[in-house]
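Following: one structure in C-alpha cells, then a few remarks.
In order of appearance the chains are A, B, C and D, and numbering begins at 1 in each one.
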C-alpha cells in the first residue's frame, strides 16, 4: 500500500469493462508531487484505459480517484483539465491552421468586453512558452513548425498555472534524441515545480533516464509499482511480457550463423543515388542473405533513402542496379516486379487498408504486381491468406476480418504477409516494430533473420539502436540526410554508432 | 513596427483575389461606356446583397469543413413564407420578418443537429434540406406572390443617397452590418476560433476540450439564419415570394467562397475574401452584360475557370510553403528536423 | 518577396485609377443630367429624331427554355443586325435576379430603351422605377409584369388569357362540346401558365360537359410533358378524351407518350396546344395534333418599331398585341413551309 | 429462436437490406393504393406498364449511378455528370444537323431523317466528348490533387455553358428516327435503353468482380497512400473511375436526348448529379469511399425513380414531390447512421433475449 500522505493522486481499485473485455481489474495507482512516474506495459495492458478513466474520456465501473485527498470524477478532458489534470496525447492534437498562441490558449483565451483580446493572448502564450524556455513567433501558424516544437506547444497548452498533474502519452515516439533531451529538460523543470508527471513510452532507455518510479500493468491487472533505480531492465521486461528473455540470447546466436551465408555479389547496388532536398547522394550495396541496418535519428534521411530505393520517390542523381540490371523506372510497382518489398514507416497511413479484409490486404501487392486482368480468384486469395495467417501467427478469427479491427502488431504482420506473398528477394522494413509490444517485436526481429537465412536481402530501419544491432549484419549510419558511415562485424557497437550519430 | 508591413503569406490568396477584382474593374472602366459611373460599382453590392449575406454564412460552414447545399432553397422558402404570411395572413412585416428568420434558423439548427448527432455527411443532409425547403415553397404556393404591404414597398424603394446621383438601398446596409458582425464573430469570439479549429482538425479540437458538437450545430444554425436574412433581403429586393427564386445559388456561394481564398477542406480563409469572391463574379457578369454580344453563358465558363485557377493557386501556395520549409530545415537541420511537416500542413 | 511587390503595385495602381475614375465620374454626372433633360424636352419637338442606326437597345431575355424562346431570341438578334440597331443582349438563364442585374447594367450604360421578357410577373417595381428615374423607357415583351402602368412604356405580346380562351374554343370545336380533359400546365407560377389556364377555364366554365380531370406541371419541356402524360395515362387510361397543353413542346412530348401507350394521338385523345411552333405543324400534318393556338415569337420587327417610337416620344398604346392566329390540321400543310420557327 | 434472430441479424447487416426494404415498401404502397400499377400488357409487341416505365425512365439514372459508384468508391465525387449529359446531348444534336443552332430554323433545313453525319459518328463523338470530360475531371483529381468536389464543380459550372455554346443557346429538336431508337426503341418487347443499362452494368460488374479493378478501387478509396506503397497506381485508378463516370454520363446524355428527341443545354440532366449521388448513397456505398455495391446503386436509382413514378401515378400534387423526396432521403440516410444501427442492434438483441 503506497503511503497516501504524500500522494498527489490516488487511484484505488479501478475496474473498467467494455463489452466482452475486462480492460482494467482492480488497479491501484499513485502519483507523488514532484515525481515522474512511468506507466509501463505491453499494448493492451490497460495503460491507455487507465489514462482515459483518469481524464474523463471513459468512466470506471468501480473504484475511486482521489486528487489531493478529495474524491474526483472527471466528466470530460476539459473537466479534468479544470481539476488540474492535463494530458498530451501521442499524436499531436493541435490545429495546424491556427497560430501557436491560439493553439496554446484556445478555449480559455483572455477576453476584453466579451471579445478575444489578441494582445493579451499573444502575451500570455509567450509567457507560457518562456516557462518552457521556448522562443518562437506565436503569431505564426502551428503547421509551419517542426513536430518537436509542436509537441512542446502541446505541452504548453496542457500546462496551466493550476495544473497539478501532467500526463504525457508516448510524447517521444516522433522525436529524435536531441529533441527528447529537450523535452526531458522541460519535464525535469516542471517536476521541480512540484508537478506530478505520468509518462508513457515504449522506450526503456528513456524510462530509466527520467522516471522516478514505474507502475507495470499486464492484461488489465496491476503487476506492481517499483522505484526505477531498484528494478533492473531485464526484470522490467519480463514483468511486462510475463516470460523470460532467453529468446533474445538465441537471436544473437542465430544472427551470427546467418551471417556466414551472405552472398558475395551484391544484389542491389546504388551509386551516388540521391534526391535534392531529400537525401544526399550515397553508395549502397546489399547482398542476398544479409540484413543491412539503417541507424540514425528520426529525420536523418533513413525513410527518404528507403523511399528512393523502392521508387516511392525518383532520384535526380546517380544510378541504381538490381541483379546487375540498371534500374530506369522508379515506382513501387516496378520495384515489386524486380522482387522488392517495402513496409513503410507509418503503418496506419501508408500500410494497412483498414476497411478491407485481412485476405484482401494480404493479396494486395501480389495482385498489384499481376496487373489489372490476372485476377486471383477468391478461393486462391483465401488460400494465400490462410497460409500467411498461419505462418506469421496472425491473431485473427478468420481471413475475412477487417484489418482495422486487428491490433497494431497483427496489422504489421499482415503487411509483412502482403509482401511475403509476392515472394520478394529484397525487403525494406521501415520501423516494423514501432508501437507494438515486446512479444510481437521479438517475433518480427526473428522473422527478419529467418528471411535472411532463406537467402533474402533485408534492410532494417529502426529508431531503436539496440534492435538494429541485434538483427543487422551491417549498419549504415545516417545523419542530416546523408550517409555518414558504414559499419560491419566488430565495429557494431552501440557506443560507436552513437558517437557517429552525434557527429563527434 | 516594420514587421507590420511584411505581408503574411497566408494573406496572399486574399490579396490575389482583391488584385484580380481591381484589375477586372479597371478593365471594364476603360473599355465600356457607362462603366465609370460609380453606380455600376454600387450596383455590384445592390444586386448581390443577398448572395453576399448568404455567402458569409457559407464561409463559416466551409471553414468548419462542412458544406451546405440548402441555402438557395432556404432563401426561396423565406421569400414565399414572408409573402404568404404578410399577404394571406395579413401579418405586419415587423412580425413576419422575425418569424421567417426564426424558421430559417431552426431549419439550419435541425440540419446541423442531424449532421452532428447522427454523423451523416453534410452533403446529403443539406441536400435533403434543399429538397424539403424547395418543396415547402410549392406547398405554400405554386405561384409567385406579390408582396404589397406598404412597409415592404417603403423598404424596397428606400434610397440612401451618396455623392453625385449614386445611392445605396437598405439591402447594402444590412449586408455591411452582417459583414462587420461576421468578421467580429470569426476573429474575436471563441465561437469563431473554434470554427477554424474544427476545420483545421476536428479530432484535435475535440481533444483540446473545445465545444465541437455545439459549434458545428451553431455553424449550420448561423448559416440558416444568414440564408433566412438573405431571404428577407431578397423579398424586399423582389417584393415577391416565389419557389423558383435563387435556384442553384448554392453553387454561386460555394464558388465565391473558393474564389475568396477559403480552402474547401476548412480551417483557412477569410470572410472578407468571400465578399470579393462574390464581387468578382458580379463583375464578370456585369462586364459580359456591358459587352452586350457575348453569350451570357460565358459567365459560367469564366467563373468555372476562375474557381479552378484559385484552387490551383491555393495548392501551389501550400506546396511552395512546404518546400521552403523543407529547404530551410535542411540548412539548419541540426536544430529542427522537418519530420512530418507534410502531414501537418493541411492539403489544399 | 518580389511577387508581393508586384501585387502591391497592381493593387495600388488600380485603386488610384478607380478613385480617379469615381472622382471624374462624380462631377460629370450632374453635368450630364441637364443635357438629358434637354434631350427629353427636345424630343417631342421632333428636331433630332433618333433613327435605327443610333438607337441603343438593352434586351433582357429570359433564357432558352423552349423552342419558342429560342426563335424569339433569334428574331430579336437578327432584326437588330438588319436594322443596324446596337443591341445589348442578356440571357438571364431563367433567373429573375439575372434579369434585374441586366436591367441595372443597361441603366448604367444609358441605353435608349430597355426590352424585357419578365421571367415572372412579380418583383419588378424597384428596378423599373430606377429605369424611369434614369429616363429610360421599358418595353415589356411577350410577358407582362405586375407593376403600375406608368413604370413601363408599352407591352408587346400576346394576351395569354386570350390564348387560353381561344384554346378552349378550339377544344370545344374538336371535342364537339363534350369530353374529359387533362391539362399539362407550364412552369408553375409563370404568367403564360397562369393565364392560359385561366382563359381556358373561363371558356369552358359554361360548358358542363367539358371537364378537366387532371392537371399537372410539365414545366414547358418535352421530357416533363412526356413523363407527366405517361402518368396521366396510367391513372386515367382511356377515360381521357383530350389533352390541353400549355405549349407545343409539352404536347409533342405527350404525343410520344400516347403513342407508346398504344393510343392514337389526335384521334383517341384530341390535343390542343399553344405556340404554333414548327414541330406542332409537323404533328398536325401527321394527324397527331388537332389544333395549335399561335403565340408569335417573331417579335423583332414589331419590337424595334415600337422602341423607336417610344424613344422619339410618339404615342404608343399600352398594349400592342402581336399578330397571331389559330391553326388547324387542314391548313398545316400549306403553312408549314412558311413557318420560321 | 436463436437461428431466426441471428439470421435476421445477418440479413439486417447485409449491405443491401435497407435498399431492398425501401423498394419493397414503395412497391407495397403501390400495390395497396395505386390500382393497375403492376399491370403489364403487351401493346404493339412490347411490354407496357408502370414497372416498365420505371425501368425505362430510370435508365439514365441507373447509368449515372453505376459510374458514380466507381467514383465515390475511390473516395471522390463527380458533380459534373449533369453538365456532361447536356454536353453529350448537345453534341449529338448538333452533329445530326450541323446547320441547327447556328441560325434561325427554316423549313428547307428540316428534312426528316437526313443527316450529313453517319449514325456511328453521332453516337461516338458525344461519347468521346463525355469521356474527355471525365478525363479532365480525373486529371484534376488524380494529377493536380484537387479535392474531387471542387474539381468537378468546375465542370459542373462551366459544362452547361459549354453545352450552350455548342447549341448556340438554342434548344435543338432532332429529326432523325434511327437515333430515336437508342432511348425510345424496343427490343424483344423491352425498352432498348434497358439493354444498354444491362450491358454497362455487366461490364462494370465484370471488371470490378472478375478482374482486380474492384479490389484496386476499394483499396484506393480506403487508403490511397497504402495502395500506392503496395504497387497500385492509385492515380490511374482514380483517373479511370472518372473517365468511366464521364462515359456513363455520356451514354445517359444520349439516352435522354434520344428519348425526348431534342437537346436542351439548359435543362437536360439538371440536378441529376444529386440524384445519382443519392442513388449511390441509398445503395449503401459510403461517400467516404472504399467498399461499393453496384447492385445497391442500381437499387438506389430504382428507389428514386419508382418514388417519382409513384408520385405521378398516385396523383400527388407536383409541389409535394420534393418534400416527400426530402423525407425519404432523410429516412434512408438516418437508417444508415451509426447511431440508429447501434440502437437497432440493441432493440433486436433485447427482443432476442426474451423469447
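What we mean here is this: contacts are C-beta pairs under 8 Å (C-beta built on N, C-alpha and C of every residue); 3 or more make two chains touch, one makes a residue touch a chain.
This structure is a prediction, so every number in the text was calculated from the model and none was measured.
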The chain pair with the larger count of contacting C-beta pairs, comparing B-C against C-D, is B-C
Taking each chain's centre as the mean of its CA atoms, the one lying farthest from the centre of chain B is chain A
Where the CA atoms of chain B average out and where those of chain D average out, how many Å apart are those spots? 30
Chain A to chain C: how many Å between their CA centres? 71
Please list all residues of chain A that touch 2 or more other chains. 349
If you look at chain B, which of its residues touch at least two other chains? 138, 142, 243, 295, 297
Listed in rising order, chain C residues that touch 2 or more other chains are 91, 93-94, 188, 217
What are all the chain pairs that meet the touch criterion? A-B, A-D, B-C, B-D, C-D
Can you name the residues of chain B that touch chain D in the complex? 67, 69, 114, 117-121, 123-125, 127-132, 134-139, 142, 243, 251, 254-255, 258, 264-265, 295, 297-301, 303-305, 307-308, 311-312, 315, 347
Which bits of chain D are touching chain C when the two form their complex? 36-37, 43-44, 48, 50, 53, 57, 103-107, 110, 164, 169-171, 173, 184, 256, 259-262, 264-268, 309, 312-313, 315, 318-319
Given the complex with chain B, which residues does chain C contribute to the contact? 4, 7-8, 10-11, 14-15, 17-18, 21-22, 24-27, 29-30, 33, 58, 86-98, 100-102, 104-106, 108-110, 120-123, 125-126, 129, 146, 187-189, 194, 217
Looking at the complex, which residues from chain C come into contact with chain D? 63-67, 69-71, 73-75, 78, 91, 93-94, 188, 214, 216-217, 219, 221-223, 226-228, 230-231, 234-235, 237, 252-253, 256, 260-262, 278-279, 336-341
Please give the residue numbers of chain D that touch chain B in the complex, ascending. 77, 140, 144-147, 149-151, 153-162, 164-165, 168-169, 274, 277-278, 281, 287-288, 318-327, 329-330, 333-334, 336-340
